[in-house]
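Both complexes below contain subunit A, partnered by subunit B and then by subunit C.
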Partner chain A sequence: MWRVRNMFQIFLVFFLWDTIFANSQRIVFGYDRQKMLTYIFGLIIVRALVLSSKANEVGGDISRGDIINLLLKPISYVKYWLTRDLSSKGINLIFAVFETILLYFILRPDFFLQGNILLLLSFATSIVLAILIYFLLLFTIGLVPFWVPESAWGISFLMLVVVEFLSGALFPLDILPVSVQSIINFTPFPYLLFFPLQIYLGKVGTLIMLRGIGVSFLWLGVLWLLMRSVWFKGLKSYQAYGR
Partner chain B sequence: MEDRKEVQNLKLRIKYFGFSLVIGTFRAVSKFSFKFENIKELVSRCYYYFKIWLLMSKNSFIVMLEQKKLFFLFLLGKVLRFGFFILFLVFLVKGTENLAGYNSNQVIFFFLTFNLVDIVSQFLFREVYRFRPLLVSGDFDLVMTKPMNALFRVLMGGADVIDFITIPPLLIVLAIVGGGLNPNFFQIFSYLIFIINSLMIAAAFHILVLAFGIITLEIDHVIWIYRDLTNLGRFPVDIYRQPIQGILTYLIPVGIMMTFPVKAMLGLISSWGILFSFSLGILMVILSIKLWNRALKSYTSASS
Partner chain C sequence: MSNNFKAEAEKTIIVERLVKNFELIEKKDGILNSFLSIVAPKKKSITALKDISFTIDQGELIGFIGPNGAGKTTTLKILSGLLYPTSGFTQVLGFTPWDRKPEFLKEISLVMGQKNQLWWDLPAIETLKLNQAIYELSDSVFRRNLNELTDLLEVGKLLNTQVRQLSLGQRMRLELIASLLHSPKVLFLDEPTLGLDVVAQQKVRDFIFDYNRRNKATIILTSHNMDDLIDLAKRVIVIDKGEILFDGNLQKLVEEFAKEKVIKLYFSKNTDIKKLEEIGKIKRINLPQVILAVPREVAAIAASEILQNFPVADLTVEEEPIEDVIRRVFKGEITRKEKRLLKPKASDE
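The block that comes next holds the complex of A and B.
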């Protein structure tokens, strides 16, 4: 059902930009109509790949005490959630492709098809990095209930709100002033959706693209270390009470 | 040429639909028999239910405030979401100069009005989100045995404290931004009346969800689809192409709920539009109550 809800959101964003680009020759925020609508449609696929995640259930698993069932099994807890995450993305991707085709026939937007192999490869790399960054973000945030069990639901909600706006899920981040963009670029969020789509659209030069991929790797490393540290500390403080 | 003919046809059909709706509403209202013999009894019943609502709201607030950390996280999330969206609108309209012919102040006022209707209806009707557990556990039987209207209990029995806290600052911002649009007294009055109409439609939607819940046990998804549909009213419905704009205005009717109050304040609604909107609001409430009564008859208390 959340796929249907996702489609409503795409509808809102599509018509918003469709109105702004009613004059097809118009260029706003450095986008022409074709590239902006490609950004909106690209969001369906990239969101399905990056933002559809099962790791947001980690907090609930810990606060309910269900984590103990998995800790007793001879499997890695982190890899278990990563596997669930990836399989969820597979299902969502199938739906996303179907939705894109459906919406394409309903809305008939102009599409920009990227033909540069190097950019497509970089786009794929940035997507893989985004998937891993988002998983680590959600997993690390999901560990907070080790200390504050009742916060599981609230902290996921807060995370979703921040990701929704700072990742470019609602609008391309380059409509914001440059100073605000520079601050956001220091966070991992723009590398989830905005940056991969910028690569696909060919809106970033080679140097900025390489720097962006480098920053994504950096965030991946930082979040990996942070996750490990929080995970081991959480395990030490976990008492499995009520189980 | 053919396109113009199609639009003319569509407009005629909408007018015919609207005319039938107004006549239907008058018929329905005239058939609606009031149970109360006199005004005094009506006032005393309202006071009785108001006291119950205060008591239930107090209980609901206490439950939420017990979980202070969760309460703070949700409040922060809602404030952040609101702030981010306002920022987005400011920068968007700054860069595009206008949106569907509306300037930046007007677009922000549309968004604030959407929030007002959305937050107030969530504050009042939050209990609808908790109806399913009552149904599947059979605890709804206990609601029906109490000396109060079961619909009132499941519709308004759990006011949301987070929404309650966000309403006063929202009203202040609305007054500031709305004041900048220089409305006259009549325009402000129209705006307020349209907001009441929007809340009536929101109430009708929530009652429909409850009735649908009794019949099918499906509530969670239906209520979220309602929320997503109303979210399409964050911007004036003028941004949508026809026939989606017509559907969103007259059939669903997100436009009447979210866009018409602001249009009324800007003096952009015809007398026909006013008549149509209020007829639809009244008719939806009457129909939703009728459907609820019918749904109650099909309730089997199976799980109790």
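The block that comes next holds the complex of A and C.
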């Protein structure tokens, strides 16, 4: 069902920007009509790859105590969720491709196709990094119920709202004031959606692109270490109540 | 290799001076107090296990008994690696449980009456196949174990039914299969017959007995079902308030903790039964038979008094039934104090 919601969201954003760019010569915030619409359409695919996730259920799994089943088995809890996460992305990707084709025929926008192989490869790299960063973010947040079992839903929801806003899911981040942008660029969030799409659209120079990928790697490392330390601390204080 | 070390290595489970403290956050009722507990949480530490020690050999089937909240489940959770103890030494099959090494986890299983691992929306066979992959069982081993287990528990026809459509008893038996597919050497059973009807209980009990014998598996069982304990466990460990009160043979438990003896009488003619109340507690009257409970230490005197003053055809003095003793264990009536008080009195006799 959330895919239907997704479709409506896309419609909404599409028509909003379509109206703004009613005059096709107009350039707003450095986007012409074609690139803005490609951004919106690219969002469908990139969202399906990055933001569709199973790891947001980790918190519930822990607070309900279902985690016990997995702790008793000779498998890694992190890898278990990563696998579920990836398979969920696979399913979502299939739907997203289908939707994109459908919307393409309904809305008939003119697309911007990136031809530069190097940029496409960088795009792919940034997507993989984004997937892993997002997984680690959700997973680590999902471990909070080890200490505060009742927080499972609220904290994941807060996370989703922040991600939605700061990742560029609603609007391209470069329409924000430069000072705000430079702060956001230190967080892991823009590297989830906005940054990969910028690479695809060819809107960033090589230097900024390399810096962005570097920052992503840095965040990946930091989040990995954070996740591990939280995991082991969590297991120690886990009380496995009730069950 | 020293003899001492060898002896230790042969023990399947070693627990020494195990202590587990829990921290709880107290919440009082009302909105104001809810806010207060967020701002300044009041933490309370409770000791779930104080300094318990025991060892278990391979192939033993042990009953763990005690009232609710005694620390039974906590002990099982520590032994299966779910909880970190506060202090103490624990070893299962030569491993430290909470390291959760794959080689360790492949040899154990924890079955809890109120826990389910079967995927609710899928038929049970899907979960079982997932477990086959997780435990890295070959197809032939998987088939063999599965056939054996489904035959024993009589659930072969249910494997392809969606789990949500099964009854509790059917589901519990399938849960058992999912937990035993990898033939664990050590099995922790927490209330395995919870919520089952009498027939299903018996099936599960027979199965546990059989599994223990066939695979030389070490089993620890907790249950509030007396039949489970009497049928299955030879040795019991009584635990209350985090302390071990008794560890030994089930018969010994009765000898040590029975406060009363039971006198069975057959009267030869009608008599005034009311007078009997002065001697002991009348438990059942079914004339000409009367069953009487008397304090252990005066049983002999009571019996001779009855013989002198009543027209008795037959009289037997028996131990308090196991059920009654276990019932008192569950009620938490058996305490260390009682044990200390009881012994000197018994020697007075």
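Assume the second predicted complex is superposed on the first by the 243 of 243 C-alpha atoms of A that agree within 3 Å, B and C clash if a C-alpha of one lies under 4 Å from a C-alpha of the other, contacts with A are read in each partner's own complex, and residues count from 1 in each chain.
Please note the rule applied: contacts are C-beta pairs under 8 Å (C-beta built on N, C-alpha and C of every residue); 3 or more make two chains touch, one makes a residue touch a chain.
Given the structure is predicted, the values throughout are model-derived calculations rather than measurements.
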| item | value |
| --- | --- |
| Combined model on subunit A: subunit C and subunit B, fit or clash | fit |
| First (subunit B), second (subunit C), both or neither touched by A:8 | first |
| Subunit A residues touched by each partner, larger count belonging to subunit B or subunit C | B |
| Touching partner for A:71 - first (subunit B), second (subunit C), both, neither | second |
| Superposed model, angle subtended at subunit A by subunit C and subunit B (C-alpha, nearest 10 degrees) | 90 |
| Contacts of A:95 with subunit B and subunit C, given as first, second, both or neither | neither |
| First (subunit B), second (subunit C), both or neither touched by A:239 | second |
| Touched partner set for A:16, first subunit B, second subunit C, both or neither | first |
| First, second, both or neither for A:217, with subunit B first and subunit C second | neither |
| Partner chain in contact with A:231 - subunit B first, subunit C second, else both or neither | neither |
| Minimum C-alpha separation between subunit B and subunit C after superposing on chain A, in Å | 6 |
| Overlapping contact positions on subunit A, where the subunit C interface meets the subunit B interface | none |
| Touching residues on subunit A, where the partner in the complex is subunit B | 1, 4-5, 8-9, 11-12, 15-16, 18-20, 28-29, 148, 150-151, 153-155, 157-158, 160-162, 164-165, 170-171, 175-177 |
| For the subunit C and subunit A complex, residues of the former touching the latter | 22, 77, 80-84, 98, 100, 102-103, 105-106, 108-110, 112, 114-115, 117, 131, 134-135 |
| Subunit A-facing residues of subunit B, complex | 67, 69-70, 72-74, 76-78, 80-81, 84-85, 87-88, 91-92, 95-96, 99-100, 221, 224-225, 228-229, 231-232, 234-235, 238-241, 244 |
| Subunit C-facing residues of subunit A, complex | 65, 68-69, 71-75, 235-236, 238-240, 243 |
